[in-house]
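Each of the next two complexes has chain A plus one other chain: chain B in the first, chain C in the second.
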Partner chain A sequence: MKIKNGFVLRKVGGESVVVPVGAMSKEFHGMINLNETGALLWNFYTEDHTVEDGVAALLAEYDVEEEIARRDVENFCKVITENGFAE
Partner chain B sequence: MEQEKYKIEDVMREKGAYIGPTVGVSMLPMLKNRRDTIVVRPKTERLKRLDVALYKRGDAYVLHRVIQPIEGGYIIRGDNCYADEHIPEDAVFGVLTEFFRKDKHYFCTDKKYLRYAERRVRSYPRRMFFLRVKNKIKAGIKKFLRIFKKKDKKES
Partner chain C sequence: MIYDIAGLRILIQNRCKYTEMFCKAYLSDDQTSPYDISATVTNEEFYEEKKASSQFSDGYIENICLYRAICRQMPVLNRMLLHAAVLEYEGNGYAFLGRSGTGKSTHTGLWLKHLEGSKIVNGDKPILQSTEQGFIAYGTPWMGKEGLGCNSSAPLKGLCFLEQAKENSITRLTPAEAASRIFVQILFPEDEKNAARTLELTDKLVTETPAYLLKCNISKEAVKTSFEAMTGKPYSPKN
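Take a look at the complex of A and B:
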């Protein structure tokens, strides 16, 4: 999975928000609030990676059980895909 | 994660700030159309000179600079605009507090930013003068070309 081009992740006051830029800002009218894990995964999936890669990235960053990491990554990928942010 | 279809006032009320793309050229050279990101917070006090105010013109949102606070409102102008607007106090509901230009993060309290804002406002008469000269030259060239074309037609 890879996140489409045309979005930037901004950190404002400790919060991570994704906003559209360029042509994408004509199509997408909204802002996406991400928690810390979401921001990490968003950055990670700006390049093409599998779910397994995402799980490995979370495990490398956080002291968390693999099952929980997998659930988080799968949820993230599902939401991203369902909302049309993935290529 | 949540995705929202927004009305800026509602987002600001709910989240405390609106963070989104810039649209338009009226705040060039500071903010470039659909490249940069603005952070706007609800207005909590009367704005000062050089603050950048968010208000609505019809259904369109406008983000322009306060040139002078006046009784009951503000004289406001975009950095890339030549006309002043008189906007009533209650029409202004937000103020720019931060922005990302390209990928660089600026706060509207930064000294460097405030120096830019001051320079931009002060350079207005000079920019206006050059605009008038440019328009006169353009009009002169057009007039000349019109006469030249008429002459050509008559001769042929």
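Take a look at the complex of A and C:
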């Protein structure tokens, strides 16, 4: 999966938010709030990676069980795809 | 013509006379030196706005579009538009925010009535500049339907989000809480640099400026509540 171009992610008041820019701002009006894991995965999937890659990226950063990491990544990819943010 | 707005030289290229009258108090004495921002309105933008605001004159519509054209170029120059009413009292600026109808103008009206020497810098659409000493709020020609404000500026010392309530109370908000409330009061430019910069400026704003949630009714006590929290001084009105 790869997240489409046309978004910027920044931390505001300690929380990660994403806003659409350029042509994307015409398609999608609003703002995306991400938790810490979400922000890590968002940055990771701005380049094309598989679910397995994402699981490995989470495991490298956090001390969590693989099963939980996989569930988080699958959820993340599902939400991104359902909202039309994936290429 | 070139205007001095929010510490910048802004070239406004208008077609309708309305904007010249509207911005008169901000006309620059120096029409020849370089400018920082140039603003013009495309036909496409004009007609899109006209669809949304068909009851207004062409001059008014062009004027709204011009402010948007100016404000979306400002973030890279460390400035941003905030939908808020900014008051000045004893040299310091205080911003009041809330969705339309929550009583921004009512509450700021109470400050004017009960705090001698307070004045409105901009009643609706001030520009904020980020500096090393914190944010500065500027008056601009654009100040909402009521047209309250003046060509002045004040260092911003507090952000006060308003909610209507029977009893008056005020609580300090964390930067994250302030951020989640402030996003709807901000203009997000479409180009990437300015959009990213808007987020960065918003982060600075909620991190550097104390923010409060004021639950208030319409009374002198409501003024006491917001005044004491934001200034740290006791409220002692002269009757």
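Here, the second predicted complex is superposed on the first by the 87 of 87 C-alpha atoms of A that agree within 3 Å, B and C clash if a C-alpha of one lies under 4 Å from a C-alpha of the other, contacts with A are read in each partner's own complex, and residues count from 1 in each chain.
Quick note on the criterion: contacts are C-beta pairs under 8 Å (C-beta built on N, C-alpha and C of every residue); 3 or more make two chains touch, one makes a residue touch a chain.
This is a predicted model, so every value here is computed, not measured.
Undergrad: Can you tell me whether chain B or chain C touches more residues on chain A?
TA: Looking at chain B versus chain C, the one contacting more residues of chain A is B.
Undergrad: Which partner does A:V21 reach: the first (chain B), the second (chain C), both, or neither?
TA: In the superposition, A:V21 touches chain B and chain C alike.
Undergrad: Considering only touches as defined above, state whether A:N83 meets chain B (first), chain C (second), both or neither.
TA: Once the two structures are laid over each other on A, A:N83 reaches chain B alone.
Undergrad: With both complexes superposed on chain A, which partner does A:L34 reach: first (chain B), second (chain C), both or neither?
TA: Once the two structures are laid over each other on A, A:L34 reaches chain B alone.
Undergrad: For A:A69, is the partner it touches chain B (first), chain C (second), both, or none of the two (neither)?
TA: Touch partners of A:A69: none, neither chain B nor chain C.
Undergrad: Could you say whether A:G13 touches chain B, chain C, both of them, or neither, answering first, second, both or neither?
TA: After superposing on A, A:G13 lies in contact with both chain B and chain C.
Undergrad: Considering each complex separately, which residues of chain A are in contact with chain B in the first and with chain C in the second?
TA: The answer is residues 8, 10, 12-13, 17, 19, 21-22, 25-26, 31, 33 of chain A.
Undergrad: Which stretch or stretches of chain A touch chain C in the complex?
TA: Those in contact with chain C are residues 8, 10-15, 17, 19, 21-22, 25-26, 31, 33.
Undergrad: Looking at the complex, which residues from chain C come into contact with chain A?
TA: It comes out as residues 174-180, 183, 188, 190-192, 195-196, 199-200, 202-203, 206-207.
Undergrad: So in the complex, the part of chain A that touches chain B is made up of which residues?
TA: Result: residues 8, 10, 12-13, 17, 19-23, 25-26, 29-35, 38, 76, 79, 83 of chain A touch chain B.
Undergrad: Over in the complex, which chain B residues touch chain A? Could you list them?
TA: 1-6, 11, 15, 17-21, 23, 34-35, 37, 39, 98, 100, 103, 105
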